[in-house]
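Across the two complexes that follow, subunit A remains constant while its partner is subunit B and subsequently subunit C.
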Partner chain A sequence: MKPILECRRLTKRYGSFFALSDLTLTLERGQIVGLLGPNGSGKTTLIKLINGLLVPTDGYIAVDGCAPGVETKKIVSYLPDQDCLGDQMRVREAVSLYTDFYSDFSTERAKKMLDALEIDGSLRLGALSKGTKEKVQLILVMSRDARLYVLDEPIGGVDPAARDYILRTILTNYNEEATVLISTHLISDIENVLDHVLFLKEGRLVMNETVDEIRTRYGKSVDALFREVFRC
Partner chain B sequence: MPWDLDNERPIYLQLMERIQQDIVSGVYKPGDKIPSVRDLALDAAVNPNTMQKALSELERSGLVYSQRTSGRFITEDAGMLKELKRKLASEHIQTFFQKMRQLGFSDNETLNIIQEVIKGENV
Partner chain C sequence: MLGKLIKYDLKYSARIFLLVHGVFLLACIFMRLLFMNRIDFEAPAEKYITLITLIMVVAVFLLSAVTITTALLIALRFYRNLFSREGYLSWTLPASSSEHLLAKFISGYLIMAADILLVAAGLVILLTGRNIVDAYRQAAPELEPLIGSTLGVYAGKMVLFSILFGFASVVQIYFSIALGQLFADHRVLLAITFYFLTTVIVQILSSVLAVITGLSSGWFVSDNAAFNLGQYTDSLYLIMGVLMAILAVAEYIATNYIMKRKINLI
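Moving on, here comes the complex of A and B:
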């Protein structure tokens, strides 16, 4: 079986600025992977390349063996780092939009999660708080039976209790064959749910290890190691 | 309620310790079926692969065994459970002595203090 994500010497350049350079990386199935790095280290660039929103300057990228495009969008569930739904849309309209759009979308699962969080389907997205809107988007993304989930900062704007719920949502809904790639700054909050972490620094991959390898080798948490590697 | 895990040591080791603790303290009885990897991982709020590793290690030690179709069970080997209890006890005691040494007490002094404390409680 092909790896769910494969990058070889992947490079994205803007003029003379390298947003990503020479990134070589393989993600296996059935893992939850943290994509970590300071601001401007290339996390969102990589995520946009995976989703076909950017075109590489150089190198190779494949999702389940295919170049990002129509076919890969069927199997990749993507949570962007900003609002992607109009404020005028009601929550239940967003659900039916996703139902129409993605054949792997489970309307039932989405409704169950919205109920659990007591989010009223008749509300317009513009009327929701920032945190609630983020929850709605995450519910939509996690209600798909995708093979790769790409979550760009899924817990940035929500309170700690909701963060726990979101992590549980991720743990409950991903199946053992699927891979979840999560970018975040809030490492200590999600460290325990990760298999692997990737550290990006100035567009380069500087670390690719399991959480327990890091703890065994350095005797410290990923969060503490991150603070050391990226000390300002 | 996520399990209380510290930040320095490998997560799978801490999961193993927690399950051993639960076996010794009777949360799980000999021969009990333990919950699935997925349910345990969800309960602990940890990665399912990490939980899987912890259970595999416990299986290797013989403390739990798996039956192909029906899941994982706690060993019924009373000797092994007794051995585990002793091992955990001696670990606690070693940590305790270490802390007392850091406070400047020799092991003999510590033993005396322990006896005084026990007597004190009996009065």
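Moving on, here comes the complex of A and C:
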């Protein structure tokens, strides 16, 4: 079976600045992967390349054996690091949009999660708080039966209670055959759910290990190791 | 997929479009009932010329506002949906860049065509009162030989030409925005600059074509000026139509290439 994500010498350059440089990695199925690194390390660039939002300068990238395109978009569920739903749209219209466009979207699951959070479907997204809007986006993304979930800073802008809810939502809604790639710098909050971590530094992959390997080899938590690797 | 993309484009443009055109049509009805219908064209011209001028100024202002709003609506939908934060969702829908462009083209063209028809309807409302029709009947023997047909046919041709080649305006808007996306900064400003640049290029090419085909040499003004003016307009439509169609095809292909190969959502 092909790996869910494969990058070979993947490079993204803006002028003379390398946002991502010679990145080579393979992600297998059925794991939760932390994409970790300080601001500007290339996390969002990699995520955008996976989703076909950027064109690589050089190198190769494939999702389930295919270059980013229509086929990969059918199997990748992406949560961007910013609000991508129009403010004029109502919550139930956003659900209809996902239902219309994604054949793997479960309307029932989305409605159940919205009800659990007491989010009124008739409200316009512009009227929701930042945290609630992020929850709506996460609910939409996690209501798909995707093969690869790519979550860019899913817990960055919400309070600790909401973080717990979001992590629970991720854990209870993803198919065990699927892979979840989570980008964040709030490592201690998600460390317990991760199987594997990727450390990015200045556009380069500096660590690619399982969480168990990190704990046995370094005798440290991922958070502690991260602080050591990226000490300013 | 294409149908769904078009549906969502039309849905999110509908509210402003209907509001603006509704106001325009109401203003036309209002101006006809309150002012145009009360003008007595049998009276000396000095008695109504000021009112007519005022109504025409207001009508031209409203018409320009509606047309510019429509063009802005088409441009904003394209830009916001594909190149602002909404693009993070649009570009991750399971649709190809070609489908996105075709959907935007069809929805943009439908909006543009609807705008032209509604603007024409507004003018028909404004200018078809009994008093105006009677006044036109008196002027028709002088006017119709000059334009080569009835005023209705002449205006109808103008509307038909605008609808047939409205697609060229839509493609020009998309092409300018796509060109702006090739740059790292000031993308909106550059898109506006490219729009004006392409407009200037179209003007220059039209002038060159007019010289080549003899349309600018004044051959149409002869002893039988009426017939020739109608013929002149038809020839102008034909030449402009061919030029716009060629440019629109080239711009569409270039936009498609940019969207397929060069999009970087920063």
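Here is the rule we go by: the second predicted complex is superposed on the first by the 232 of 232 C-alpha atoms of A that agree within 3 Å, B and C clash if a C-alpha of one lies under 4 Å from a C-alpha of the other, contacts with A are read in each partner's own complex, and residues count from 1 in each chain.
Operating definition for what follows: a residue touches a chain if its C-beta (ideal position, glycine included) is under 8 Å from a C-beta of that chain, and two chains touch if they have at least 3 such contacts.
Please read these numbers as outputs of a predicted model, since none were measured by experiment.
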| item | value |
| --- | --- |
| Subunit A as common anchor, with subunit B and subunit C clashing or fitting | fit |
| Contacts of A:Tyr78 with subunit B and subunit C, given as first, second, both or neither | second |
| Partner chain(s) touched by A:Gly219 [first = subunit B, second = subunit C, both, neither] | first |
| Subunit B, subunit C and vertex subunit A (Cα centres) - angle in steps of 10° | 160 |
| Partner chain in contact with A:Gly52 - subunit B first, subunit C second, else both or neither | second |
| Touched partner set for A:Tyr60, first subunit B, second subunit C, both or neither | neither |
| Which superposed partner A:Glu176 touches (first subunit B, second subunit C, both, neither) | first |
| Touching partner for A:Gly30 - first (subunit B), second (subunit C), both, neither | first |
| Minimum distance between Cα atoms of subunit B and subunit C in the superposition (Å) | 27 |
| Interface residues of subunit A shared between complexes with subunit B and subunit C | none |
| Subunit B - residues contacting subunit A, complex | 2, 5, 7-12, 41-42, 44-50, 53 |
| Residue ranges of subunit C in contact with subunit A within the complex | 1, 4, 8, 12, 80, 85-89, 91-96, 184, 261-265 |
| Residues of subunit A defined as touching subunit B within the complex | 30-32, 164, 167-168, 171-172, 176, 188, 191-195, 211-212, 215-216, 219-221, 223-224 |
| Touching residues on subunit A, where the partner in the complex is subunit C | 14-15, 48, 51-55, 69-71, 73-74, 76, 78, 80, 82-86, 88, 97, 100-102 |
